[in-house]
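Chain lettering (A, B, C, D, E and F) follows the sequence in which the chains are written, and residue indices restart at 1 in each chain.
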């Protein structure tokens, strides 16, 4: 592992992040003990952005892995590859993070199979070790290494949940959409549209979020509001922009679409 | 990745496409922000043709991938191949598109397994990155790269739907069959049959589309109308041509077949 | 791909085929547009024989693939093999057909997994391309290439059906057992038995076909009649020949067997 | 394929086989047309022995494959193996049989997955070909090649049955246990015990066969009778020999065991 | 296969085994005919010990394979491995046993997948052959080779049972726990504790065995009694020793634990 | 296996462990007979810490494997890897432990597939052998080798339990959370917070443990109490620290969260 590798994962520009409820200080205290942290909250509430911000603030490289149900332990830990001299070990992202002292962020870990979740156990207790069983090597995590995972309590089924023996290895922070004023500020800052339009978009989002569990799986996220703002900033009329970014992607149910369109037309005539 | 590779994916001839409802300008605005776009609509409504047209109009190479439930993340991202010096990395179509700045069109993405859909996440947010975990490389998408996906809301089951955390990464455009006059014009232009025959074929299609959900999974698509026209243009009598291209492929239910044959015989005696 | 390869798939002798209902001219018209064609009908109704006949008549090589539920897209498209210089690409039968301009006949395609059916999409629309994703190559189909598939509507379950987006890429021809006189002529021609015996065999088959759905999954096919004729031509007494070729293979249900034996004994005492 | 290979599969000694109902002549007539044959009957009724006998009588090599639900098409057809010059094709047993003109006997084919059963289709119709898709080779079966399959109608579930399009490729012969006198003769000949003891064993078997479907899945087979005879010939007392070979292997149900023991004690005090 | 290989599997010391009901002579008679033998009985009743004893008595090497549901036919038969000259065949344990004339003991065969059980068929009838399909070799079993399998009728579900066509290839011997006096003698001989303590342990075991099917899946085995004796011989007080070896391992049900503890306290105050 | 390898697994510092109920002496007696031991108890009750402590006390290397449902027998036993001279055998952790005389600790073995659990059988009876079937080698365990497994009876379903034939190979020790005073001492010792705060944390944990089975899957573990103490020691206010480490990770149920928060507020205002 060379210096170059760590550089590749450095967060070089300060990500745009607005604190909501003291989570920066809490995270810093957890990181001081290298305590594993779990970020909980709905899609688009800023979990990924937060961990990127903290990596920048703490000056630590960040390695992000989007978990999925087909991901194997080898995808995290590494595997042998063939080259002209036979097999060569290739570190996986978790191993790289443990070696270079990065923050390793496993996004939506609950999607992964159990072998992926179990593989993090020895890294998340007093051992701070990662056994590379296939290689017969036992690596000690770099003193700066920390593990962060995210998960969305909104749509976990009973079938797919973290095991207690995994859960109880993490401190946890709740995330939710930002307050209205702050969310409008974010949309304005990211798209360049005026404050009034941004506030209108946020109000449309609030109406959709009240429909969660009443016909919608999730409400409109901040990300979609930014998409709407970008379309408006390109000169697209706001109603068409909202239709394309806030209504059509969210649902195919005709009633729900009508309800969302009505919400759009309340603010943009 | 050499110039030759990008050329291979260039759309060199203007595809035949007739705008329906302002979708060209909306797409251009979305592309200006490199916003990921989702095309929704039934089979044969012109989604693939539209993205091909836009790639031609914007002068961007186009890489199309027909998704399927057995497609793995490696099929999209790439894999190591053996050669005489050991293993060699082979970019997958998504990686190629990200490198050369192509529009990458994932057709019917909802058919794919979750690992395929999750792999597009870092390419569809502010990061615009594609981590090649198996290679230990993190690539930045070319500034011109854009991701487009399609899906058919008509036959998605509850079991097979995009995750909200995927959906909320896309602006979306609805597609439907073209208006009657326009569809007849298309059939005429593509087959060389006279306008009256083309209109008759479109009217047969309309009758079948009203049967959707009442015994038919989908109505007759524009593509099948073009097949009918081609048979007629070859000198086949219209009733036989319609039987072979509009009735027999669509259903094996005897009642439905009779209904469709009656529709054919209303227009072609 | 050398000339030799195409020769290997040439149909050099005229297959024995008797037209039933104008299907030869309809197929020729479809082939003139290189339109994909679907052959529908029960086991042993002559679908495979027909496509072989048309390949011979049109002077095109024929590549047949018996689909099955374990067939992968790679089985159709091709794969990398190891040799002493590393990996070497091996074209699959579909790729070979697309390169040499053969008729590619996918028998009982509905048995295959979705990745196999989706792989034919770009070959069956205006693109006429086959992307070899694993090789990073996009091949244009030979101008003479055509795709033909078969399927048996009789025993498709709801779980196993072609997707509409696949179905609507094909013109379709229905197949059924030949008329009695023609079928007897076929049995006579293929086995050398006298006309009267052949007619008796066909009548036994007709009785069994009326039992389809009433205790039998399918009736006796023309192929089994030919087997019976061959046994008779070898000097086996007709009752034993029918028992071995028309009754025992078809069912293990004692009642059904008795019914079929009674049918045999009506004609052969 | 060298001569040596064919020799390896030759049946050099005449297997002990007693004809039951004209099946030898029927098989010879079928073989004269190289007609595929299916042998139906319960475990231990002599199907394997019969095909071995016919191979010896016809002077053909015999290749037997015990089918199972994990057997793949490659297990039958062949696969590429690595050697120092790269990959080398290794014929599977079906391919070997097709090349050398052997009788290929697929035992309990219904146990196999569909890809295994479908692979035999082109070998069992007028084509008599075996496409080695992975190798890109199409082999013509040797003129003496014949395919034989077996299956046990007794315990086929609805889920596991041959497809009609497979079934209707075979003539079929029924097998059952031999008549009492013949079975006693077989047991005597194979074990050396006296005729009276052999007859007693057969009568015990008959009682158990009447229990089939009434607490037993199958009755005592001829093979188990031979085991009993062998134990008796070793000097073991008949009751213990029957207990060990006819009762204990067959069932763990206490009532059934008692019933079988009573049957044993009726004949051996 | 060198002499050294056979030596590796020799049973060099006489295993401790006490005959229960004439099974030694019965086994010897079966071995004289090389008859395949099935050992039936509960966990810890001495099946493995018995086959080890018989191997020692008959002077045959013993190869034991612990079956499991993930074991493949290749795990038994062998596979190709890569070395510097390409692939090299590696015999599996069944093949090794067939070559060197060992007794091959497949423990709990019913756990294995069907391909594993089917692979033994040609070794267990008059053929005594093992086809190495992947290698294209047909090996004749060594004249001294014998196959032995075990299975526990206590917990076979309907889903997991040997096929009749497998069962009817074996003679069978029942095993159960030894009589009280004999079992106490065994426990004393293996642990060195006094006879009275050994008898008490056996009585505790008897009480637990009466609970089989009434809250316990199985009673306390002889092996666990030996564990208890070993702990007592180490100076651990008998109640603690029984708790750790006879109660805690067996069940987590509080009522069952109480019942077992009461049984312990009846004998050890 | 070199000395270096054993050193790698040595436990060099005395782990912090407080005995609860004589388990140290019981374990030593079991180890004296090299008896396999099973540790039973809830998450975070100190099972892993105990085995680490015993390894230190007995001066034995410790190899820990976190079991999971995707772990194969090869992951435990070893596999062949390719290098420039062909394949090279790589011992798995269980094999390494058996060779060097380590204590091998299989954590949550019940998560593993049966092939993993069955592979330990010959190591856990009088044989103390490990057959490396793929390598054709039979290794004798080092005299100091011992196997230890853990399992959590709290959440084993009926579907996932050890087989009796596996269970009855182990002596077993129950583990539970330490007594209140001892647990507070542990929390204080590991975090440096004052005794009063530590006691309060323990009391909160006790309240949560009473909710087990009444809305919580498990109560707060000692590990989470240590996390809370670490946050407090970093200067975070106790209520926030408890929220982040004792409430948010444990549950997403609003009622349960309220109950836990009330418990926190009883002790920290």
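Quick note on the criterion: a residue touches a chain if its C-beta (ideal position, glycine included) is under 8 Å from a C-beta of that chain, and two chains touch if they have at least 3 such contacts.
For clarity, every value in this text was computed on a predicted model and none was experimentally measured.
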Intersection of contact partners for chain D and chain F
E
With a step meaning a move to a chain it touches, how many steps does the shortest path from chain A to chain D take?
3
Among the chains, which one keeps its Cα centre farthest from the Cα centre of chain D?
A
How big is the gap, in whole Å, between where the Cα atoms of chain A centre and where those of chain B centre?
30
CA centre of chain A versus CA centre of chain E: separation in Å?
52
Multi-partner residues of chain A (each touching 2 or more other chains):
82, 84-85
What order do the chains sit in around the ring if I start at chain D and move toward chain E?
D, E, F, A, B, C
Going by the contact rule set out above, which residues of chain E touch chain F in the complex?
5, 8-9, 43-44, 48-49, 64-71, 75, 79, 81-85, 88, 90-93, 96, 107-108, 111, 152, 155, 217-218, 220-221, 223-224, 227, 230-231, 234-236, 240, 244-245, 248-250, 252
Given the complex with chain B, which residues does chain C contribute to the contact?
22, 25-26, 29-30, 32-33, 35, 38, 40, 72-73, 80, 82, 84-87, 113-115, 117-119, 121-122, 125, 131, 133-136, 138, 153, 156, 163-165, 167-174
